[in-house]
Structures are given as structure tokens and as C-alpha cells.
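This structure is in C-alpha cells; I'll ask about it shortly.
Chain naming follows the written order as A, B, C and D, and within any one chain the residues start at number 1.
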Amino acid sequence: MIYDVIIDGKNYRLDLDHADGRWSCRLNGQALDVDAVIARPDVLSLRIANKAYEVKAEHVAQELHVWVGSARFAVEVRDPRSLRSRARAADDHGPRRITAAMPGKVVRVLAKEGDEVAPGAGIAVVEAMKMQNEIKSPKKGIVQKILIHEGGAVNAGDVLAIVE
Amino acid sequence: MIYDVIIDGKNYRLDLDHADGRWSCRLNGQALDVDAVIARPDVLSLRIANKAYEVKAEHVAQELHVWVGSARFAVEVRDPRSLRSRARAADDHGPRRITAAMPGKVVRVLAKEGDEVAPGAGIAVVEAMKMQNEIKSPKKGIVQKILIHEGGAVNAGDVLAIVE
Amino acid sequence: MRMFKKILIANRGEIAVRVIRACHEMGIGVVAVYSDVDRASLHVRKADEAYPIGPAPASESYLNIPKVLDVAKRSGAEAIHPGYGFLSENAKFAQACGEAGVKFIGPTASAMEAMGSKTRARQAMEKAGVPFVPGTSRGLESFEEAWQVAARIGYPIMLKAAAGGGGKGMRLVHAREQLKSALEAARSEAERSFGDREVYIEKAIVNPRHIEMQILADEHGNTVYLSERECSLQRRHQKVLEEAPSPIVDADMRRRMGEVAVRVAHAAGYTNAGTVEFLVDPERNFYFLEMNTRLQVEHPVTELVTGLDLVHLQIRIAAGEKLPFQQEDISIRGHAIECRIYAEDPDNNYFPSPGKITLLLAPSGPGIRRDSGMYEGWSVPIDYDPLLAKLIGYGTDREQAISRLIRALNEYFVGGIKTNISLFRRILRDAEFRAGQLDTGFLDRMLAGKEKKAADSAANVAAVAAGIFAALGATGASPGERDGSGRGATASLDSKWKSASRREALH
Amino acid sequence: MRMFKKILIANRGEIAVRVIRACHEMGIGVVAVYSDVDRASLHVRKADEAYPIGPAPASESYLNIPKVLDVAKRSGAEAIHPGYGFLSENAKFAQACGEAGVKFIGPTASAMEAMGSKTRARQAMEKAGVPFVPGTSRGLESFEEAWQVAARIGYPIMLKAAAGGGGKGMRLVHAREQLKSALEAARSEAERSFGDREVYIEKAIVNPRHIEMQILADEHGNTVYLSERECSLQRRHQKVLEEAPSPIVDADMRRRMGEVAVRVAHAAGYTNAGTVEFLVDPERNFYFLEMNTRLQVEHPVTELVTGLDLVHLQIRIAAGEKLPFQQEDISIRGHAIECRIYAEDPDNNYFPSPGKITLLLAPSGPGIRRDSGMYEGWSVPIDYDPLLAKLIGYGTDREQAISRLIRALNEYFVGGIKTNISLFRRILRDAEFRAGQLDTGFLDRMLAGKEKKAADSAANVAAVAAGIFAALGATGASPGERDGSGRGATASLDSKWKSASRREALH
């Protein structure tokens, strides 16, 4: 299996095989001596050339975070053979979906469909645990869609608005 | 739903309904005010008429144990409408399967197929963590089948022998 | 003198669990109350009885006095422990408990009232000869008065709401030109926050330490001080990390602060557990700030260095027992530090981050105490304070307490929501912190600095691990194919990983 | 004097995890070793480096000196911590470490040898004026000699293997008629167990207490005693529950025992941590029994009452540091009790019960320390000692330590395998235990008595809960339809329950 793993904008080409409980692994062409056991769901006991790591996987909304010990990495795993993942990668330049980072209540909606917004312009205010957070537009564009209403509840990962 | 729950040889007839997150419950004909939430798999936060209980379910081999706080109950749940469970209940008087209570290694096999055994007669010796445990026949009868061999490994719940 | 058979706990979260534990240790039955969103909370699971008391907003549940007292009556609870927050410093509630024939585990309503208004507390303390920061002991009548007082005590000065708390209605004023607008702002904020415009002046001590003294008073006139706590590490006027003893308090200073604290308690006719807060300037002069008339969040550090259980003692005092020790029996040994684990996003200015906890790895081992209200699979509700748990480290000395905490924080993992665990790793490794150079500005200064990044080699490991997770079917090769909702996706992953795990175990 | 950069831990389970924590707290890198069945063990997950050293049987892995030393060499570890058991009291291993240029964290090979044979230890202690039970200090030459010695010291007498341990080669003899056959039996058992027929005689103290004293000795001639531990609660000569201080030891007796322990250590040229075991008769006379030349399983109770970290101190001593305190700096505060959580089936005569842990709810909170080698999802291998974890309770006094432990044991749940958790609930509620009336026969007597049954009302609750589990799809209505393997069934249940749980959370 070949994967492209993207961390911090950097691409890691991974060539992995798993047979009879043994792994063979090449990272960017370099062979690594890898041994891995899932201790429990989302927890991997990983050995690379006798160095030991406790690795945790965390799925928050659409994102995958991989924790090596106490260092967190936002990770994207792509199968280079899959058209779909390539298509999705291209998506980033089109309309941008603004999602909620955590659950909360919509206190105010600051923009309406059709508005032109600058990067950093407020789209909505979401309240959780007595604090209010302004959700901002990540880019300049036109508000294509507002998917929330004042007083409504949102969950982590919910799409609040789409900016074109 | 109607269940027969057998604990310590005693039968509890349970009439349960669950709709819109609310339970209605009759235990042996008596109505109970029940409220239940699964906190995590195998852990139930149960309220009966405002009394609160942390109940744990434990599956060891074929058995179901229910823990109310720190008291353990071996429990059998039967659906009285199911022919199958009734048939199985009748089974107890036929051939008896002798199972391993825990994993281990078979150190010695003490009986062979065709042997006549008394209740309490040794069938095999299983070793775990440096201690040896003699597995005994629960009843008088003929050894119908021996399903293990010396030096072999057994898992919890594995059938070691059948006594007719 | 008879111990209570049943206690109602008018609270939720980690403090409700902590009080439940104390009751169970004392053989006392526990009645929990919960709002609609707290049915699955840990305190309900661990209680002996549990009663719903209404919808999520605290005003309709945990702050609703008639509902709480109704449950006390129906359940036959003989006493109520209020925890901290919610009704814990509400004199009307203490009063109502008394009228309903239920013992309130805390001070009397009149002691609470004496301490509830900061200006009234100052007046009482003035009489008792307690040192406090120069300023007014009553609300400002006019701008002219403010102008005169400020000129007399000298700038910078601090404007404070008499009914205040949590930094609301507070303004730091550096020069007289700023005074007028600051006074107006403080007053209107005080009005909005507490329904009370009263504001007074104190001399501002720039970057003071915040040190507090724990006291215990029984109902027979005996009052003792236990140990001080250093609480200078704050963000948005909220404490983040506390320790005992304070790195700058020696035996003599402790005795002097303790004696003042006992004098404060006597002046207020105080009973049960309480805390006297002091500001400490760089010359180690200490000034009375206010008294907190309840159990504090940070009480465990005092428990660890004194070997006492404050909740047990609160209950014994409320049941009418005498303190089982005298001042000279109390000694301090070792060092303890508490980290408040909040559901907060360090990458988003520590904004609250509720949600579902998908994975929880909790630390334990030597010198580690964990007081927690969370569990794996629980959804942290959006309606309350983001405090999830407290991790407390004890050591022979401060250095060992720090190193044990760092070790334990590295073991701690809360998946699915953001927490401030990484903040503590940073604080505990900070050179100034390790030197004990603390003040209330420390944390903002530290956060303004740059954080060290993880090494590149760790990124290599993350890449390999991500591939292995994917290969084992834990993460679909193309993320676009995953279930739209985070929850559904995680659940289906779980089951795939389970089979993978089983496969691994068998080979 | 330079601290180690990297330490190899030649052990597994909870003690390997405990030593890993100490190393990480001290900023020292950790090299773990593991046998084939321990790849998924907690100590491998928590280490910085991990090396496989062979198949499950300890003789081919954890006891294999060349393999362990080879890993030390390859990894660059500068020191080896042996934990307890395995190679920890193996003088040859300590010797081999020295020859390989790796520091053994423990006493020297010669000190171990001096204490390794019980008869040789008795001879050395006789010279040092240490009190011990009347008997022979060398192996019996003949039956006639045995007969004469027994007649001189009076029956009952105890025959003991010189190389002994774990009750092997021991025989209690009540009258001279039994002596001959008992001597033969003890000799052949000693031969079988240790390859050494040597057997000696001691006066038997019937139902003695077993109390031991912890000592620490640096490599500069400084030796101190810390606290005694009461270890009288034993089954099959294995300790089950230990506490500090002992309910019968007062300050004077502690000082006298401590001074004897220090004399023992000096006589053996002892360094690092060690324990001197005593038998104590009903008149509180104490007799030297043996010295354990390693860290004990039960060291945490001493840590809790003294506020010290014994593993940190072991490592500092091995690195050449002087003890950072003197005898007069050591004080005891509060009370600590340890429960050894074993994978044992209480309903099957405490036979070992390995297997997969399907659910783990672990206690925490005030006064609770948990040193554990297990985790949810882990399969306890069949090949080693059944010790899973240690739960240690601390309190202001013995009563509070007991009540906190009972509370914590009620929170503790290990699903999928059997454990002895229920045994501790029984011990801690026992009236004789609570009165401190302990001796080595206590546990057998208690277990011979009847256990209180759970109330009928709890059975009603279990019935309702079983129905709800079934209704939520967690348990099939007819058990006959369930998957044949326990594992498969549990896994499929899990996923069903997850959806049920989600459904619950949403309504």
C-alpha cells in the first residue's frame, strides 16, 4: 500500500506492507524497521528501529490528529491511486466551508447570503460555556450560503456557512 | 418486550418498554419507575425510583455477569417467546460440556473417551501463571469426548470434554 | 452529636464527585441532583440517589433554591454540601436551608453576608486590625471623591466592584486623566454583572502575588489555619495552577498570615472551611483582599501537604464535632501543585471546547492525585464551566512535584475535545516558573512568548503511524469517503480497529 | 558524580511501569525489554526504547542474563534496574553487570550473597548481635542433630530450607514423632525446588506477625531506616495486603527495630534499598528473619508515610550520590495500606485467572495511589505472576486509610477476568482487622468463615439491568444465539451498545 501523508504542508510518501504480523515500511524511499500493535482503539504502540512510541489517533469533526507522545500533528492521509482524494485536494481552491470547531449555541449571525466579506470578517457568534467566539471568514469572497439561525445549536464539524 | 431473568435459580419476569427515551417496567407484575442511560459500553447508569446504581455487564466465556455496584450476579436472560431458549434450558439434563474457566496450558489429560467418571473426578490439569488447576467432572457419566491434548493451549470458555 | 446519614450535593462535575467520595468514605448516603443535560454525568452514576431538577440553564436547576430544597425534603437528606460556585456563597440559600431544617455545610448566612460585599468586609477588617491595601472601605460617592482618594494614595490605582468577582467591574488606572472614563466603565460593568453599581478604590499593586490562607473553624469557637496556597498563575482573572506551600512564604510569614486569617474569621463569626485571600507585593508585604466563604477548587494542594481531608472535616464540623486537632498539631510536609484541566482550545485563545470524549488515558502512579468529573464516552455539555478535572502532583520538594506532574501530564490524553493540558507542560518547564518567580502577570507574559515546536523526527513518526492506522482500516485511504458526522465515523473506526487489535493479539 | 542518561529496566508489569515513571521524572531515558507475549504490555508502550528478548518462558527472556546485557550494550544503557523478582536478587547478574560496565541498581553481588543463604545470613547476624529466633545457624547434619536441637529449644519447631523462599521446603513440627518424616519431606522439597537439600531448624512462633523495616544505604557509608511495614496478611506464604506503620509498633519499638536493621545492613556491607524482615511474637519481641536485597512490591506504603520516593533514591544512590537526609530528618505521618490486585478467581480458591480485560474502571481521588500494569483491551498473559496492579490508600489515620480504600475498591472494576478485589472489601470490613489484630494466620481464618451475601434488593436491580441491556441489543434475548467465542460476542455487543449509547445521548 502506498500513502501520501501530509503534515504541516509537507508530503511524506509511505510504502507499507503488512504480512504475518510483520511490517515492511519505506518512508520517502528510506527503509524503516517498523513494528506496530494496536493496544486499544485509537492507541498504537509503535516501534521504529527499537525506539518506542505511544501514538494516539484523534478524530475531531473531519480532521485527523495524530499524537506522538504529547506532540500533536494534523494529518491528512491520501491514497495516490484514488481519484477521489486527488479531486478533494483540488477542492481547497473553490468554495470554502466554514465549520464549527466545537459545539455551542448560535448567538448572532453577522453576515447574510450574498454579502461580500473580507478575510477575517465575522460570520457568526457561537457561545459555549458562557464564552462567545466569533467565527470568521477564512478568505475574501461572497457568502454563498448561511446554514444556521440565531438560537440554534451546532455540533463540532457542522458547516455554518459557505464562502465562494 | 418480556424477559425471564434467572438469577441464583430464581426467575424474574420482566415486562419492559422503551419509547422516546423513557422506560416502562414491570418486575414480577409490579410497576417500577426506571430510567437508564448507557454511560459507555457495558456500563449502565440506572435509576429506579430515584435510587441510583452503576451497573456493569461482564461477558466471560458463555456467561453473563451483572454487577450492581460491587455485588456480582450470574444472570441468564431468556425470551419466553423463543423456542430456542426453552430448548436450551432443557439441555441441562443431557450431555454436559466441561469448559475452561480461564486460559492456560493443558498439563495432563486424566480421562479418556469411554471412561466412566464419578462427580468430582479429574478430567484434566490446566496450568496458568505457574499454578495448576484440576478440572473436574460435574456429574457421574461416561466421557463422550475429549477435545484437548497434553501441551495444548485453551482459552476461557473452550470446551475441554463432554460427559454424557 | 450525631453524624448525618444522608447528604445532598447541590453541584455537578468534579467537585460533586469529590464530595460523593468523602461521603462514601464516611458511610454517609449521597443524594445527587442533575439538570437535563447532566443525566449521564459521573456524579449521577456514583450517587446513591439522583433527582432531576430541571433544564440546562443553572438558573432553572442548580441555582434554583426551591427545587434543591424540595429534593432534600423528598429524599430525607439531613445536610447539603454546595461544593463551589452555584449556591455555595449564596447567603439566602444558607438561610433557606436553616429554615427548611437542613444543615448547610458551610458558614452561617450572616458570616457569608459579612464577607459577601467587599466594602463591608473591608470595614469589618479595619476594625479587626487586618492589613489591607490602602483605599476606600466604602463605595465612591462621586468622581471628586475618587479623584481625591486616588491623589492621596497615589497612582496606579484599581477600581473594583463591591459585589465583584471574576474580574468584572475592575479597572486599572495609571493616571488621573484615565480616571473618569474608567470609573464610568467600571460602574456600568458592575451594574450589568451584579446589578450593583457600587465601586471602590484600592492602590494598585502591579504584578502582585496572589496568596491565600486556608482556615477551618468549628462551631465551638476553635479556628486554625492550615497552609497557604500560591495562586498567582491566572488567565482572565481565573486561576489556572495553584501550589502549596508558596515558594516565597517561610515559617514566620506563614504564621503571620495565618494569624491574620484567623483574626478575619473570628471577626466574621466564621465557621467551617474558608479561605482568606491576600495580595503580596514584591517586598513580601501582604494585604487582605477578600474571604471566600466556601471550599476552594484548589483545596487538594492543602490536603496533600497537611495530610488532612478538608471535606471530611467540613462535614464533621457541620455535624457539630470539635476540630480533632489544634494549631500546633498542624504541619506541612512536601510540596503540591494543582493543574486545572479545562475543556479549552489552546490554538483558539483558550476558547471553551465542549464535546464528546472519544478516548481517555488517565495518569496515575506515585505522587499523583486525580479528581475528575469526566469519563470516556461522555459528552461535555456546553452549558457549564469548562473545568473537567484536576491533576495534582505531590513531591518531597517542589522540583519533584513539578517533575511528577510533567510525567503525569505526558500520560494524560483526552481525545475528541481540546484541553489545556499542553499549557501546563509549558508552564512547568518554564525557567521563571521553576525558579518560583511568579506573579499575576506571569501567564500572560509567558503566553506572549513563542512556543517550542515539536521535532521533525516526531513528524516522521506521525507519518508512519498515520499510514499504519490507515492500513489497519482505521482511517479510510481517502478521507472524503468517511462518514459525514465526526461521531459516526469514529464509531465505525472503532469497530474496525477492534478487529485489527484482535488480529494483532492472535498472531 | 553524574546522573545516568539511560536506564534499562529488566522487568515487566506494574513494577516496570513504576520504574519507568521514576526515570521519566528524573529526565532519564528508558530501555524496556519484553518477551514475545509482552509486546502489547504497558511497559513497552511507555518506554523510550523497547527490545524483544525472546519467548514467553522467563528462563528464555527475563531471566536470561546474556540477552539482557546484550540489549544494555546495544542501547547504550548505563544502568539496569531489576525491579523485584526475576534477576533482582541474582548475585551472578549483579556481578555480570559490573563486568559489562553497566551499573546494577541495587546492592553489590557480595552483599546479596551474604544474605542469599538464610543460614549464612544467620551466622553473620549472630556476630553482629542481631536478635533471631532460636535454632541452628547451619544446615542439619543428621536426624540426631535435629532431634537434639528440637529438644533443646522446645516444640513446635520449624524446618526451613537454607535456600528457601515462598514457603517451599518449610515444615511445621509439633511433636518429636513427626520430626523424622518432616525432615525428609523438607529436604526433598528443598532439593526439588532449589537444587539444595540444606535444611535448618528454628523455634516456631505460632501465628506471629510479619513486620519488616525499610532501609536505605548510600555508597559513602550512610545508612538510615525509614519505616516499618506490617505484612502479616498472607495466603500461601504470599503477601496480600501491607500497611505502614504497623498497628503495634510505637516510636520506641520502631527505633529499636530500625537500629537493628541498620546493623544488619552494615554487617553485610549493604548499599541501596533493602528490607530487613522480622517475626514478631505476641509479646512484641522481634526476631531477624531475612533480608530482601531489592525493592519490595510493597514499597509504596513507606513512600506515602515518609513522603519520599524510593526509586528516585535508589537511582541517586546508584549514581553515587549521598543520601540527601539523615536519620533525624525522617518522620512518619498518616497511614498507608496497599492492596495487591491479582488476577485470581475468588470462587475457585484464588486460582490464577488470566485473559482479556474487556472493561476497566479505575479509581482515583483523594488519598488514592494506583500503580498498575494493565489497561482495557489488554490480554493478561498466562506465563507470569498474576499481580496486575497495586491500590494504595493513604489517610490521616488508619481508619481513614481503610475507608478511602473501601471507597476506591468499590469504584474499581476489572471486567473479563476474575480478580481478588472482593477479598479486600472483606478484609477491610473485618472487625479484627479494623482492630489491628493481625497475624500470619489471619487470612486463612477469615476465609474459613462465611461471607455475607448481597441483598435481595440488589438482585432485583440486577434483573432489571439485565433486561435493559438485552432490550438495548447488548445481550441477545436467547443466549443460545450468541456467538460461540466470548470475544466475538463481546465485540459485537460493544458496537451495538455504542449505537444505543449515542441514541441515549441524543434524546
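What we mean here is this: a residue touches a chain if its C-beta (ideal position, glycine included) is under 8 Å from a C-beta of that chain, and two chains touch if they have at least 3 such contacts.
Here the structure is a predicted model, which is why all the values come from computation and not from measurement.
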| item | value |
| --- | --- |
| Higher-contact pair (C-beta pairs counted), B-D versus A-D | B-D |
| Maximum centroid distance from subunit C, chain identifier (CA atoms) | B |
| Rounded Å distance between subunit A and subunit C, as computed from the means of their C-alpha atoms | 33 |
| Separation of mean Cα positions, subunit D and subunit C [Å, integer] | 38 |
| Distance from subunit D to subunit A - Cα centre to Cα centre, in angstrom | 47 |
| Multi-partner residues of subunit D (each touching 2 or more other chains) | 40, 46, 377, 410, 494, 498, 501, 504 |
| Two or more partner chains touched - positions in subunit B | 37, 39-41, 43 |
| Interfacial residue positions of subunit D with respect to subunit C in the complex | 17-18, 21-22, 24-27, 40, 46, 300, 303, 307-309, 311-312, 331, 333-334, 356, 362, 364-372, 377, 379, 394-396, 400, 403-404, 406-407, 410-411, 487, 491, 494-495, 498-499, 501-502, 504-505 |
| Footprint of subunit A on subunit D - complex, ascending | 32, 39-40, 44-51, 74-75, 375-378 |
| Residues on subunit A engaged by subunit C in the complex (per definition of touch) | 1, 3, 5, 7-8, 10, 12, 14, 16, 18, 20-21, 23, 25, 27, 32, 34, 36-44, 46, 48, 53, 55-62, 64, 66-73, 75-79, 82, 84-85, 87-88, 101-105, 127-131, 133, 153, 155-157 |
| Residue numbers on subunit A that touch subunit D, as the complex places them | 35, 37, 39-41, 43, 45, 47, 50-52, 54 |
| Interface residues, subunit C side, partner subunit A - complex | 343, 345, 348, 351-355, 358-359, 361, 382-386, 409-410, 413, 415-418, 421-422, 425, 454-455, 458-472, 474-475, 477-482, 485-486, 489-490, 493-494, 497-498, 500-501, 504, 507 |
